[in-house]
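Each structure below appears as structure tokens.
The same chain A turns up in both complexes below, where it pairs with chain B and then with chain C.
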Partner chain A sequence: MIRIERRLTDAGWLLVAVPVGSLVGAVILSSVILLATGHDPLGTWQRLLDRGFLSEGAMSATLVQATPLLLTGLAATAAFRMQTWNIGAEGQLYLGAVGASGVGIALGSQPAIVVIPAMVLAGLLFGAAWAAIPGALRAVFRTNEIITSLMLNYVAGLLITYLIFDSHSYWRELSTFTSRVFPQGKYLSPAAAWPSLQIAGIAIPFGFLLGMVAAASLWLLYRSTRFGFEARVIGDSRAAAHYAGIRTRRMIVAVMALSGAFAGLGGAAEIGDFRHVLDPRGLQQASFGYGGIVVAALARLNPFAVILVALLLGGLSNGGFSLQGADFPAGLVGTLQGLILFCALAGELLVRYRIRVQRPRSSSVRPPEVAARPA
Partner chain B sequence: MRGITKRFPGVVANEQVDFEAMQGEIHALLGENGAGKSTLSNILTGLYRPDEGEILVNGKPVTFHSPRDAIAAGIGMVHQHFRLAASFTVAENLVLGHRDAADRGFLLEPGMIEGRVTELARRYRMPVDPGARVWQLSVGEQQRVEILKALYRGARILILDEPTSLLTPQESENLFETLRLMGAEGRTVIFISHKLEEVMAVSSRVTVLRRGRVVGSVLTAGTNPRDLARMMVGRDVVFTQKKEGPAQAEREVILQLRGASALGDLGTVALRDVDLSVHAGEIVGVAGVAGNGQRELAEVITGMRRLTAGTVVVGGKPMRVGDPLAAIRRGVSHVPEDRMGTGVAPSLSIADNLVLKAYRRAPISTQGFLHAGRIRTNAIDLIRRFNITAPGPQTPTRLLSGGNVQKVLLARELSSRPRILVAASPTRGLDVAATDSVRALLLEAAAGGVGILLISEDLDEILALADRIAVIYRGHIMGVVERQNASVEDLGLMMAGAA
Partner chain C sequence: MNNTLVVVIAASAVFYGTPLLFASLGELLAERSGVLNLGVEGMMLVGAVSGFWAVQTVGGPGWLSLLTAVAVAALAAAATSLIHAFLTVTLRASQIVSGLALTIFAGASGLSSYIGHVANLGGKPAHHEFDAIDLFGLKDAPVIGPILFHQNALTYASWVLVGLALLYLYRTRPGLHLRAVGESPATADAMGVNVTAYRYIHTMVGGALAGVGGAFFSLAITPFWLDGMTSGAGWIAIALVIFAFWRPELALVGAYLFGAFSSLAFTLQTRQVHLPPEVFSSLPYLMTIVVLVLVSTGWGRRRLGAPAALGVPYIREER
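Here is the complex of A and B:
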């Protein structure tokens, strides 16, 4: 009989061994699929690694992919740590993009020193405000924030589609004939393009730098502030928080807004670093908000680990783009990416639980424990 | 039972336990919490399988694969927390999951079942209406249904786990009467308890467990509470008792409830027009059967529950009700009934839990930032002063034993220099040594001028500590008596609602 039981103590070495083992497991499983579909596994992995991280310009492209993932990962981390389930980073990111692009258009003639900070601020505020809606509903009416924040993603998705495709809004380009027939957003002025930092031939986008600052701030917030202490108590036991006189309702709204602000900043970065236009289709296809939940889960809600995981997943999706071609269908790329995530998340189980094999009706000898090995 | 051993990951719950009960005897299984009593009874009723050892019923070895096998062997169990379907009738509960001659295929025959129930109830003097739905019954009646259920299924051996914990003294006496009848009839009763008095009163033989092992098995007639306590704990025990203190009348009234009413969690009236006062340095005990508004009373005073009428006056000034922070700021400390989960945040460290209320103020925090060093020194200091046994200040609180969790709680609540301490069942589930140190801390706090409201279902504890005793019944204070004028009989009657 195989039983899964909870570990009584957290095993430190597993925190390293399990992710590594999960990755190995993913490589083995994917290789089976690659062989079955007539592809060379070794070559495929090499290409993925090459295009994702190693070849010229790969790292810069990966960083662009990683930036929104980093910020939505932080958004999920901020909320999940307090056991508040903000699933709405997707919509909050759209709203951040709406705010940042709107401000970017409005201040188009201003210098970068004015436009860029304004875009950052707009992203933060729009995301925070959108997330505060489910937060306030939770605090006042005790609605389930998982459902309300998730539903608001669809509302936000329809909103940005409306702004560009279904209306003559401020965001839509209407000055040329083609743009009136084929709707698209207004491009921002060059002053609104965010700068990047060049280090050793790699361009680090401004948004990614902001994300690293955000990660450090979040870490500090939870570790050594009164606000973070209250959030930790609420996350562990709402009853204990109430007992200790913590204003749990205010904290829920505040933490949701904080979470939304990170996601909104992710949207602003996507506009400032990369798209320079409000692009409903591109934003919705990327689904960075949902990706952020995966990032946060893999990073075990550690803000610094979020940076690394965002880079890894960013590289994976960036490398995935370049794998696609006539001989390599997009579905197969998705399968490989899915397998890696699947193994990583399944491995998480082994950090907290162990598997014991019990021989049925054996004598009084205690069954040997099977060493926990990732699948 | 011979040589029973049961291990759980990290602990040995029973080690080489030999246990023997004769036909027709009432055999008490005595031991502190965690001594292995429940594990042993779970093995006997087929819920667990022993790692080693064997069970013999009437001299024949048996193996139980499930509780069904144990029931078939004539072993019945009455759990501490009843396992009844609340919306079913008494008769329906009795036949639930049970197949016998009264059961013709799909169809039940209520008349026949009810007839048999009534007859059983009469024989054992446990009056209960077989047609009543379980939710309508009192706790004492529900327990009778549990016992009847076991008897209905033909139990020759009946195990009762802490059966008196929810009963009034009178109800307990009735239960003992029933048990004696069953013994006289040749049934065997195994009575699990950690209360010495009731073991002395009801049993004919006692087996004492300590840390999973049998310490000894003695005839009740040949022993006394002192010897049993020594066997149970492994050393002499003298419970801390309140000394006759100075008269409290001239001391300041520090807490007063005036006409306080409140609703319970289900929206029903839980507190009705409660008037109660506590003087500085006084311990007022609130006695009552569980579920009569004790929790709501504690929550109203500590701001965790709103009042629907009345006021709470602290130190002469009315307090903002329904606001725990206001109560904390007015010097109202609280040791809640649910210590793990409400009283402490289980996964946070001991150090964090020790500043669960003080984190707002200097020196623990300034300008919104916490000072890790001061949190740590505070923890080291309190761990030493309150004799908390813990690997270190960063240990998650959930890993501590119940007694040490309670010490963490008391250390935090008393080190804030409160004016009032509301302590709800502060020693429930603690072993003898921890109980004693908790009681000593309460007495010390009272001697230092703290007014204490001690809410407890353990009448002995209230009699040992309180200066005055208030009895609560269905959310109303039935009366307040001085300790020296209190008798268990009178208190018991008040607890049952007879003023």
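Here is the complex of A and C:
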């Protein structure tokens, strides 16, 4: 007989063992899928590891992929900690990219010291504003933020498609003949390209550094400010927070905006570090917003762990993109991410509960004789 | 008369609303048992790809091939939903995170995309598709003809299904037990109802119906396979359950309302209405938000019909 009991104390070692075990479990499960479809799992993982982390320049490319994942992971962490389900990081990232690229084009002739902070600010603000919509709807009408924030992802996707493909917007390149036939965005001036820090041959993008600062500030915010305390109380019990006089409605809007600001910064970093142009197809294919949910869950909503996990999953998607083809079918990265989440969820059971195997009482153990005596 | 804009839109609203109806009926049954499954989008995509695969692989006459395809789609999506049932019912994981994980795992750029690419399904038309059937020879009847009597077999099946769901929920003993499990699992347990079994079965029925809804995309609407082809229909189906106050007959109304929003995009464009296509395409998403806001204000705020135990794991020892 197996019994599941609630743990009364946290088992510290499990907090590390569970995420690591989730990764291993996900790799084993997806190996089964690979085998079932006639692929060689070992070779696939080897190539993935090689392209994602080991080969020349792989780490630099991985860091570029990890940057938006780090920021969307922080976006999910900020919201999920308060049990506010912002699933809209995808759209908020697009909006951040729109804001940052717009500012980058507008200030193209200015020096980098002016353009780059302006892009960062625009990314933060656009993302926050887009996330404030479902936040406000939740606060005022109690509308389910999961669905509204998700619906806005599709709207944001259509918005950036419209800006480049179906309008003569400010973001679209219209000066040459080819660009009028094959729509594309305006490229940003070199001053708007974000710098990178070279350490031991690895280029650490400016966006990633910003992401690390963001992770530290989020950790501080939740650990040692009144705002963070109130958010944690709301996360534990909305009713208790209400009775304690915490303004839950205001907090919901604030946390959604904060979460959106992180995601928007992710979009700005994607423009400044990597694309230098508003590219609707590329942004939508990357699906960093949904990846951020996986990052946050695997990091168990710990901002510092988010940095590590983002690096790991960034390497995975970097390797996945560069390998895509017959040997490495599209969809494997998403499948792997989903499996990681499943394993992490199953592992959560071990963190919260203790599983105890009880031997069924054997029949040789008789109840006391007293009970058997006739009355 | 049957070519007027209103009739054309109404007829195609029923057509585009059918997958939403299947998926939201399924989600409704799952939620009635207390299991919120946010993986509808992923399960629909699994249904779309596996149904399409079956129709390309299984030979025989068209009707048999299509029937098999629907069965395969339902089974594959039900198997996918089993993961959610196991994680949330047996392992008591968060239903929200597990459902999201299901969509990431199975959805666009996940397993459904993997299967489609490995089986090389892209860019080919379906061998067979669901054609409109002229029911009782009434397709040319004024107004109601194209709307009610010129739809495909799956749409007719969905009407039967709404009736069955109503009968099941309100007129049978298992239906009563199901509602009890969703409202108060502890009470149901005390009555001798197997809460775990009810939750597993209805989550999987929900998965199967989402799979059929997904197959409607690849076998009737497009009919070819495309990565992420449901583009948010699964999420709209979840919103529809709230809109319908967890009642099958209202899910039918809601599905056709949203079918109309989807069909508006196509119909108005062919009628030379000049607006950017993105405006029409974003209509279903924006209307979902508007409708959700409307039902969450006023009399809807009391959450009429929401199962009391929705989203809460049932643990016998901790009641």
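Convention: the second predicted complex is superposed on the first by the 288 of 375 C-alpha atoms of A that agree within 3 Å, B and C clash if a C-alpha of one lies under 4 Å from a C-alpha of the other, contacts with A are read in each partner's own complex, and residues count from 1 in each chain.
We take it that contacts are C-beta pairs under 8 Å (C-beta built on N, C-alpha and C of every residue); 3 or more make two chains touch, one makes a residue touch a chain.
Everything quoted here is computed from the prediction, not taken from an experiment.
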Exercise for the section: Check the residue A:Ala128 against both partner chains and state whether it touches chain B (first), chain C (second), both, or neither. Expected result: neither
Problem - More chain A residues in contact [chain B versus chain C] - result: C
Handout entry: Contacts of A:Ile271 with chain B and chain C, given as first, second, both or neither
Key = neither
Exercise for the section: Examine A:Leu298 and indicate which partner it touches, taking first as chain B and second as chain C; both and neither are also allowed. Expected result: neither
Exercise for the section: Applying the touch criterion given at the start, work out whether A:Ser224 contacts chain B, chain C, both or neither, answering first, second, both or neither. Expected result: first
Practice task
For A:Ala346, decide between first (touching chain B), second (touching chain C), both and neither.
Solution key: second
Problem - Which superposed partner A:Met119 touches (first chain B, second chain C, both, neither) - result: neither
Exercise for the section: Would you check which partner chain A:Gly338 touches, where first means chain B only, second means chain C only, and both and neither mean what they say? Expected result: second
Practice task
Jot down the residues of chain A that show up as touching in both complexes, chain B in one and chain C in the other.
Solution key: 5
Exercise for the section: Going by the contact rule at the top, pick out the chain B residues touching chain A in the complex. Expected result: 5, 7, 9-10, 51-52, 302-304, 323-328, 334, 336, 338, 341-348, 352, 356-357, 359-360, 365, 368-370, 372
Completion exercise
In the complex, the residues of chain A that touch chain B are 5, 8, 224-229, 232-233, 236-237, 239-247, 364, 366
Completion exercise
Counting only contacts in the complex, chain A reaches chain C at residues 4-6, 33, 37, 85, 87, 137, 141-144, 146-148, 150-152, 154-155, 158-159, 161-162, 166-167, 285, 287, 290, 293-294, 297, 329-335, 337-339, 341-342, 345-346, 348-349, 353
Exercise for the section: Report the residues of chain C in contact with chain A in the complex, numbered from low to high. Expected result: 38, 83, 87, 91-94, 96-98, 100-118, 227, 231-232, 235-236, 238-239, 242, 276-278, 281-282, 285-286, 288-289, 292-293, 296-297, 301, 317-318
